[in-house]
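There's a structure below that I have some questions on.
By written order: A, B, C, D and E. Residues from 1 in each chain.
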Amino acid sequence: MGRIKAKPEFCMGCHLCEVWCAVAHSKSKHIIKAFLYEQDKPLPRLVVEENLPLTFALQCRHCAEPDCVAACISGALWKDPESGLVIHDPEQCVGCYSCVLTCPYGSIFINPGKREIVKCDLCTGLDTMYCVSHCPNEALVYEDS
Amino acid sequence: MCNMDNYKYLIIGNSAGAVGCIEGLRSIDKSGTVALVAEEDSHVYSRALIPYYLSGRITREQMYYRPFDFYDRARVSVIKGHRAVKIDSAERVVELDNGGRLGYGRLLIATGGKPVFPPIPGFDQQQNVFGFHSLPDLQGIEKELIYAHNAVVLGGGVIGLMAAEALHKNGMKVHVLELADRLLAPVVDETTSHLVEDALQKAGVALYLNNTIDQINGDDWVESVTLKDGQIIPCDLLIVGVGVAPRAELAEGTDIAFNRGIVVNKKMETSVPGIYACGDCASTYNFVTGAEQNLPLWPNAYLGGRIAGFNMAGIERAFVQGTTMNAMHFFDVNIVNAGINVTGSNQDDSLGVIQEYEQNSQNYRKFVLSESGQLKGFILVGQIARAGIFLNLMRRQIDVRAFQRDLFKNDFGYADLPDALRWELLQDDVILGVV
Amino acid sequence: MLVQKYYESERFVPDKEMDACGLFGVMHTGGVRFGGQMAIDAIKNMKVRGSGLGGGFAIYGLYPKYKDYYALHIIYQNKNLAAKKVVETFLKKHFYVVFDEEIPTNPDIRLFAPPLAWRYFVAPQKSGVEEDVPDDEYVISKVMYLNSEIEDAYVFSSGKDAGVFKGVGFPEEIADYFMLEQLYEGYIWTVHSRFPTNTPGWWGGAHPLSILDWTVVHNGEISSYGANRRFLEMHNYYCTLHTDTEVLAYAVDLLMRRQGLPIEVVAKILAPPMWEAIRYMSDNDKELYTALRMTYAPLLMNGPFTVIVAHHNEMIGLTDRIRLRPITAGAKGELVFLSSEEAAIHAVCPDLELAWTPPGGEPVVVRLHTKDHLQSLNKSI
Amino acid sequence: MNGFNVKFGFRDNFLDNLQPVDFLYHTRVSTNGCCASINALGLKHKELNDLLRETVLQGSTELVINNVFGQRYIGTRLFLPPEANKLHIEVNKFPGNDLGAFLNGHQIIVHGNAQDGVGNTMNSGEIIVHGRAGDVTAMSMRGGKIFIRDNVGYRTAIHMKEYREKVPVLVVGGTAQDFLGEYMAGGIVLLLGLNLQQGEPHRANYIGTGMHGGVIYLRGCLAEHQLGKEVGVLPPDDRDKANIDRYVREYCNHFGGNPDQILNERFQKLVPVSLRPYGQIYAY
Amino acid sequence: MYDYLLPEFIVERREDSCIRCRVCERQCANEVHLYDTELDRFFLSEKDCVGCQRCVALCPTGALYVHPRQADYRPNSSWTRDKMQNLKKQAATGGVILTGSGNDKPIRVYWDHLLLNASQVTNPSIDPLREPMELQTFLGRKPDTLKIEISAGKAKLASEMFPNVPVQIPLVFSAMSLGAISYPAFKSLAMAAKEAGVLFNTGEGGLPVEMRDEYADCAIVQCASGRFGVDLDYLNSARIIEIKIGQGAKPGIGGHLPGEKVSDYIAQTRMIPRGTDALSPAPQHDIYSIEDLSMLIYALKEATNYTKPVSVKIAAVHNVAAIASGIVRAGADIVAIDGIRGGTGAAPLATRDNVGIPLELALAAVDKRLRDEGIRNRCSVMAAGGIRSSADAIKAIALGADGVYIGTAALVAMGCTLCHKCYTGRCNWGICTQDPYLTKRLNPELTSQRLVNLLRSWSHEIQEMLGGLGVNAIESLRGNHEHLRGVGLEEWELNILGVKGAGE
């Protein structure tokens, strides 16, 4: 299973990965429309860790033994044995936030309006991984393992 | 039944521990035969979802913990609606309540817990008194919902309060009775309790602290309850949520050791070789305290089961991640906590406490540190994003003193750790030294 | 007095050339004449300071037999005999020529484009308005005329009892070419090994540069050249040699010969103390040095230089005021040495008694029958 | 000018007509164990340095070079692998400019005066001159030690620097000329003024102009105006005294003299007043 | 003191496109954009804007415009806006006005007045896409003649050659020191040089030890007046050693890396203590004249056992031809001429804009002088300072250069927008800064690729033009003024360039 890795030396802290992640998971996939006109404020599924000058993006590591899946009370999180992805089913999710408590990377994000979580899906179903392809400095790379 | 089925793996119980075990062992042993004995006649569901269902957030279908084809895909023979009644560890046979006998190679006891009913006269006879634990409980409560106006919840712990919130959302007047002087008394500290009390009261839930039911009024139905202090509260529905006790009947009369739960080692194996236990029925290792303890929590059950599964399949793994931890929310208040929770009543001089409470945002953070600076517990109220990082620091026993002020930052993250530590923790997750 | 060469416009006044070099001078303060061995060997020792594009010697006490006559060393480039004819006609008209001959050269030494070199011993033959012109001025004006007006002719030197031998090549080659060691003796020898920054290296551009018996060898670049040149032009010195050293020679001539200032003062004009240093002087000195700087500001030689100026009875070593170019002095008995590098002195005088490096702007003045040079020793290290 | 093609006059006076190194080695060097004695008389600098390198490659580690008159760069070409032995080189008579330029670890002892550029950009090693030295001694020196028995010329220790454990040391027995320690950025200069009369100030003006690091210890006196404006004068503290003591004793070890008598005089310490002498002159 | 300066730029934000992602705010080291969370809007601090266009380039929705604010003083041909602004700045600070990058004054750019030839009818042009087109160039001294021995009918080389260094394309990255530019920028140049088979110049900031194994082979190391990081290992690991006498942007001026920029790493590479000023004196204090230069040239040759070419870089000044001649005679193997439009990290404005002469004239004069003196083969000539395109480069070669230094062009390829604020150390493009938050903006993997692309495209263009001229080796164009014609130039200019007028 591949994962997206950060190169902190090159991360310049622009947060464009967050912006484009949000676009990727918006309804329209259009940046201005998504941010200015869509009802649900688009949320990024990764976070740029910042302690200037240090910055780097961190998203779900799709762990081999995901603690979030273990903690999930609703079965909304599971690890797909084929793709290796840790998948979140929002239909199933009740927003108990057990995963938030157990994710060692802090990479499960709360959607406060809906009492549910969002997390990285490696842009499943999209042409590219938006955070990777939109990083101006190639500080995020997808590495196949 | 003359033909005895033999299974390489046999699991008693049908909840988180069982699923964890199946998923664990199936990741290793794809072909060994597996059977599961389920007392309830239903597909595996999540007890923790009862309040969500009750409050209308999810449907019945969404209560199932795994898809319907889960057992088929995992090639597990499920024996539903039966209870295991006896283990013959010498013969490696489990006897069911219908007299059926199942031979096993490895056995997992994941029977869970049962709600504790306080010894109040009449409790067991009244028809509108329920635990908050199982589908039957739920079905019973659902029936009452239609008529009930006043609900009394006995117990101001996690279960009680979740029940209270769910009932409140169903339009009931809810009364919470708590014997202690504050809610969630053993789980969180005073500050958190008070924040929760405020939230409940603001929502209109009536709280009765230092109080309990003295007497139930009504014959088949509870109509009201008389409290210890003499108050009488009307009651159309009484929920008992004072706690859960391990269900270890099976261990009785065997060599399986029992002490506040079935005693297991770190491999989740009981004192009898080949027999494993996990979840609410077991007494497992708490990595924070180092004690053997009953940790009746969903993630512990699943993970314990999973570890047991690995070990049953022949891969040695230890379960050393268990501790007390809760992710809770009552009305709008989010709370997470894990590890040791220093409160006024359980002081330990070797532990230090740092905490911050922000009046405006109602954010509260408290960290418990050992003498050598390791995180031994924490509580976050309000802003709980990325709480898992604290748990990770706790699990890895990291000395946090160098950055302890930063723990209070709302956006605390790996960036706030010292360089060496951060990259050590994230070494597989970032690419360093590329310049 | 001097001849002005007219250019179409200022734009076409040729740039100076800059050079850096090795210098050496040796003088017998007792006036005893000696051969060129030391000078030649010393400059050879500093070969890496030159580039083979110029070398030359000035020798004093050169022609005792003709010591009362101006000795004109004249070269004819491209061995241009027509030019020689014109020059000789001119000389016959303005001078009494008591003796002339080709300067002997060694045909075995191959140099770049050697000219025809001739020497004339002359006395002024003045007439008309020039009757009252002093001899020296008369000679200078005639030399300037020859240098600027007659194609291919160039006067190397024009002093009495002294002469300059120079050309394109390493100095030891020039010495061999003119057979200096075999043929000549003198009580002062100065020598120069040239490293032009730019240059074409032509025979006239080699050092020493001279006016009458004043000769200058120079190492460095005078960054103030333009300012110096304009001031000297005001005093009728016209720069025809395209080398910055020329302004030094003229400045020395102007200040010492024409204005009669002593070298010690001239040194402080060319290389004045900093204003900061003047501030801490005694009132008397303060007044003097302030006046010198104010009056002779255009003659401040700015930029790095070391010069050895010689004329009869005197050899002077001087550096710029912050000594950006090296000089070392040495003495043994009555012999006094000036050199770019100390090792060269030791190489030719193994039992040297004294060696010192004077501070910037502080002249080493070597005079016949005096120990004046030791004055700089006290200020030196 | 003149449009001359003067290729004729172009010769590389550093490289022309060099004698082959094998020939020189056989005619100029006599060895005895690891000691070699070299006659440098009349050699061009490259010939001498070729010869030094060859002699070292042949295994000599103790070199005595006789009859040196002005040959440059002695020691510069001896860049040896890090594991090689450090050399001991004695120079008799008068080495030329850039003695020990870029020197890396060797010891050079000169019996005679040295010229300009001693220890130019020297990295480590030791140069001991039993005589005086010319201008820009220890320019840009970064490490090692230089001891000059007598005086030094202009711009001594100009832009001397230091780096981590490398702290260059220059000890001068006599006095120095102007611009001592100009741009100095590190290291230690010790000026003993042994040849000055009682009460006679040091000779140099503009001491430490632009100085922004390092320290100059000066025995004897000087006037305020001799100092550059970037320099302050302090009495030596205990650490300074230990430094002075140590290097005076080393000086006396090399050249003789009574250290205690020398140490008895007053020392002053010159240090930069700012590490950023030119920080304020720009408009941002 | 209040300076009364007017802002230099207008910053506009299209509210209908701004999504409040705050990239502009984070990317601006000058803090021009300030987001107010409470009001959910941006405020501007326009006076701090330097016009680097970083925010514009990174804005994901194209919501920003930054343009110069030209005409707020009353227009005046003499007292121009920049003159007025400088006066006010000086009145407020009493300081020397600093600037960065190259000269931006309208001094004639001769490249734009020189035109190249092409083959028509009388000789064929060549198609470089299919036929060989050689750009390889050797930098270093060439002998006057070769000694060849013939034995048994076979010719054998009997001369020893001087050290020479080949470059695959006659384009070399100019000296930009680590310290002046950021580590990633420096590294990018090294990586690109290595990949493209050319050289980069370390400037005088040293060459980090850990880069030597991989990149020293394509490094020109500088020995300049500060002697920073110069030791025998540094000299011996390089390919070419360059003595820096002067720089086109600031002839006669030293350098000055302020202490606050001397980080641990810079200190280590320069071998000086952390946080101290790194002063490069105006002159090299062991060079006060040409024979001193010779002394240093040979000191460096001695130090490297005569195995490396030594280059001498000077600024193009009035006597440049004469000086270059002296440099060659002093033993230099390469002479680099840096014209008045050369770049810099920091220079006094007065010097940058007023001292020196254009490269084109200097180059032609130097080449001519060296040929006149018969010593052109004794050295290679590198042309530097304001080479903006492959056309400039090829014209420089036709004017007589062996190779071309590119500095500013490389920086622009890295992202530089010539905002001229290099000296502030707050380069938003991560190039001319040591602020770790800013230097991260350059990813050498990426940036070096940009540089390699630049070299590749230039080399293709040069090949195309060479093909058009009908030559298939760059040496056939070198100093070949026949392939150049001038337009719009006066007689004296054509004379100095040694180029006929168009139509002649």
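Criterion: a residue touches a chain if its C-beta (ideal position, glycine included) is under 8 Å from a C-beta of that chain, and two chains touch if they have at least 3 such contacts.
Here is each chain with its UniProt name: A = Electron transport protein HydN.
As the structure is a computational prediction, the values presented were derived from the model and not from experiment.
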Partner chains shared by chain B and chain E (touch criterion as defined above): A
Set of chains adjacent to chain A and to chain D: E
Centroid-based (C-alpha) most distant chain relative to chain A: C
Most central chain, Cα average position: E
Furthest chain, CA centroid comparison against chain D: B
Result of counting contacting C-beta pairs for C-D and D-E, higher pair: D-E
Distance from chain E to chain A - Cα centre to Cα centre, in angstrom: 43
Distance between the centres, which are taken as Cα means, of chain C and chain B, whole angstrom: 106
Cα-centroid distance, chain B relative to chain D, in whole angstrom: 80
Touching two or more other chains - residues of chain E: 184, 294-295, 298, 329, 373, 445
Where chain B touches two or more other chains, by residue: 434-435
Residues of chain D engaged with two or more neighbouring chains: 3-4, 6, 10, 14, 45, 72, 97, 116
Interfacial residue positions of chain C with respect to chain D in the complex: 14, 17, 45-48, 50-53, 112-113, 168-170, 199-202, 242, 276-277, 279-280, 322-323, 326, 328, 341-344, 346-347, 355, 357, 359-360, 379, 381
Complex contact set, residues of chain D against chain E: 3-7, 10, 12, 14, 45-46, 49, 53, 72-73, 76-77, 79, 97-98, 101-102, 104, 116-117, 120-121, 123, 136, 139-140, 142, 155, 158-159, 161-163, 166, 182-183, 185-186, 210, 212-213, 275-284
For the chain E and chain A complex, residues of the former touching the latter: 16-17, 19-23, 26-27, 58, 60-61, 184, 430, 435-438, 440-443, 445-446
Complex interface listing, chain C residues touching chain E: 15, 17-22, 48-51, 53, 195-200, 219-221, 304, 324-325
Chain A - residues contacting chain E, complex: 7, 9-16, 18-20, 31-32, 35-36, 52-53, 55, 134, 136-139
